[in-house]
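Before anything else, here is the set of structures, which you'll find just below.
Below are two complexes that have chain A in common, paired first with chain B and then with chain C.
Our next item is the complex of A and B:
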């Protein structure tokens, strides 16, 4: 479980990036954090791994205060895939790239080999096993960064802006990975302003604006609140906007395009 | 790291010093730099540092120059220890360390108060080849960008269990590899993208492009230049003829 207890973070420049944030994320929960640029989303997740320490308040990861743990210690529990894969890939080949963190965490060589093989197979990177990570395509690099994290099997997986620079097919693959992580019982936190990507996952949503959590609830309820979303410069998913525009509509918003198509086809008949 | 870099990178500030012609700011820094090189006494060097701090206060950058000094102290201490171990001369070792601090603060005064655009104008004034000027100014412009990259890369690698401050000196140097490789690769990619973007915006289409801003020295610039040269001459005279003592 991750708990933010009245967390405020002020940058050395004097800018308040988090302003009295209180939040509890349960084990196995899937959470989407949305908000405009500069809302404090990335600052929030950097607190979970101890990259940033709160100016006031406390962040507890499985009951442990982040101020009393190093990033390396917290990262064993919380794996973060940052936005830009080019900011972490450096090894000679894909195998070594995945093994890097495992060795940092002190895994034995036999276990390192097993985990590397598992990650490579699971993410379909077999043909690139001996290739330089720098030669992979954008989507493959993204998958590799997530493979690197899942290799040490953290309980919490954080994806920071996973859809940036990804085409539709890669986004589909990312959705599948997130669904798989949820079904494996991982706590999944997705930070994104790609609302169309997040909507079909139907997770709990936290809306941030100017360092504050301004709304927190299930996507199906929260995405109906157009004004709340607008105040955080977040647009509604198109399917929700369509749902609200209909006079004769079903009890719950459309989650997938085919739901809307079937409903409208029924109306036309 | 960001805190340290703040002591070296230009940030737009409204002050009398910032408004000076960049060529005058360069002249001031060169004169102070020269004094730091030719001075033979610790007191003289302390006087130069104090003068730079006064100029920094006028330029409203005293805190940032102080950061530069704090950052420099580590290297200065290294210079002091090395010289003391080799030469066994305490005062001479202090002199070398103080000279290093003076040199750094005089140069940082110029870079903190001069924008990359002004720097370009200064270099053009010396009729340096345009490509060299562009490459140098671009490199200066990209320092903050590379710094942000470095911080993000460090965050990403720390999140993969890298403990950069762990182990002996050799281990710590090796720990830098996962940061340096992505930093260099990103810089190379960025420079390629920049070159393409510049070419698509007609860079090099004319041999002598015109400039948006032309610098003309004002009366204040001329007065400051004359006063600076006179003070410099007086300081040199004082260093060699009025206080010809060694070290202290």
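Our next item is the complex of A and C:
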């Protein structure tokens, strides 16, 4: 369980990035975090992994105060794939990149090899096994950072803007990974501007604006609140906007395109 | 209409690579067009763009054949400093592009490098800032700005060079939905006011299809689809090439061609809803 208890974070420059944030994320929960650029989403994530410590208030990961744990200790529990893969990749080749953290965490060589092979296959990186991570395309780098994190099997997986540079096939794979992690009992936190990607997953959604959590609830309820979303510069998913603009509509918004298709086909003969 | 970009049987293979990254690529882009370049990740989009702005073959060696011309200049024979005034490039992350101590110095950087006279430089920088609505930020430090503002500063730096063609690499992917939508409207305005041509690499099509004329889809280095947004989005193969077909387009396709008046524009959610409301029995 991750608990933010009245967390405020003030940058050394004096800017308040988190403003009295209280939030509890249960084990096995899937959570989407949305909000305007600079709303504090990435700062929030950095608190979970201990990269930043609260100026006031406390962050507890499985009951342990982040200030009393090192980032290395917390990373074993919390894997974060940051927004910019270039900040995270440094090894000589893809294989070494994935093996790096595994060796650091003290996994045996046999297990390291198994996990590396699994991650490379799963993310379709076979042909780059021995290539430098820096020669990969933007989308491939992104997948590699996620592969690295999943390889050591942390209980909490945090993905910061995972869909940047990903085509629709990779995006589907990503949603599948998120579903898979969820069913394996992992806590998954996805920070994204890609509202169309988030919507069908129907997770709990936290809306942040100017360092505060301004709304928190199930996607199906929250995404109907156009004004609240707009105040965090988030627009509604197309299917929700379509749903709300229909005169004759079903009780709940369309989750998938085929839901909308079937409904509309019934309306328009 | 004049063709600002012509690509004639372009082939390119990086040194040591097994396959060509660009294969027999033909492409013509007209003045003032907005073209989306899409395709699965790793399909060669970035390489193709490097062949347009001259990084290929001037900075990257490899096996190169075919010809690319931009505003009438043959890319492989044209010096980079001259190409920099014909083709502008906006990176995905503006942080990679802005670095000076003030917004105006940053925008002037490219012009200073070309040795443009002071008065002319002043004029062009002021124009670019006015066009992007950032004149009030002139003396601010770029790193203090919001991401949307940084994006505008980077774009102003590109505009100040006066290129006829601007390439954008996933320009909206790091922006929140509303800032992204404002950027797309801005591109449309610049196109109308200055006749600038844009080639935009983008997976997220929901915003861009509203202003784009065409979608070019590539896969494994080859051009696979090339047509109006309406045509390409209705093509059964499009999704297989990694395009995210916006939900309203998928539903609109079902509603028949009436949804896409003029054969080009793509409906918004509310336009689609209005159509459904009016046709409901």
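Note that the second predicted complex is superposed on the first by the 269 of 269 C-alpha atoms of A that agree within 3 Å, B and C clash if a C-alpha of one lies under 4 Å from a C-alpha of the other, contacts with A are read in each partner's own complex, and residues count from 1 in each chain.
FYI, contacts are C-beta pairs under 8 Å (C-beta built on N, C-alpha and C of every residue); 3 or more make two chains touch, one makes a residue touch a chain.
All of these numbers come straight from a predicted model, not from anything done at the bench.
After superposition onto chain A, the partners chain B and chain C occupy overlapping space and clash. Residue contacts after overlaying the shared chain place A:84 against chain B and chain C alike. Look at A:104: by the touch rule set out above, it reaches chain B but stays clear of chain C. By the touch criterion defined above, A:186 reaches neither chain B nor chain C.
By the touch criterion defined above, A:260 lies against chain C but remains apart from chain B after alignment on the C-alpha atoms of chain A. After overlaying the two complexes on the shared chain, residue contacts for A:115 are found with neither chain B nor chain C. Of the two partner chains, chain B is the only one touched by A:12; chain C is not.
Applying the stated contact rule after C-alpha superposition, one finds that A:37 touches chain C and leaves chain B untouched.
Look at A:46: by the touch rule set out above, it reaches chain B but stays clear of chain C.
Within the superposed three-chain model, A:72 lies in touch with chain B and out of touch with chain C [touch as defined at top]. In the three-chain superposition, chain B clashes with chain C only at 111-119, the remaining stretches of 3-11, 111-119 or 165-173 being clear. Overlap of the chain B and chain C interfaces on chain A comprises residues 84.
Of all residues in chain C, only 38-42, 46, 92-93, 146-148, 170, 173-181, 203-204, 206, 239, 241-248, 250-251, 254-255, 268-270, 272-274, 276-277, 279-281 touch chain A in the complex they form.
Interface residues of chain B facing chain A in the complex, by the touch rule stated above, are 2-3, 149, 152-153, 155-163, 177-178, 181-182, 185-186, 189. Remark: chain A residues 35-39, 83-84, 136-140, 161, 163-171, 193-196, 230, 232-239, 241-242, 245-248, 257, 260-261, 264-265, 267-269 touch chain C in the complex. Note for the complex: chain A touches chain B at residues 12, 46, 49, 51, 70-72, 75-76, 79-80, 82, 84, 86-90, 100-101, 104-105, 134, 148-149, 152.
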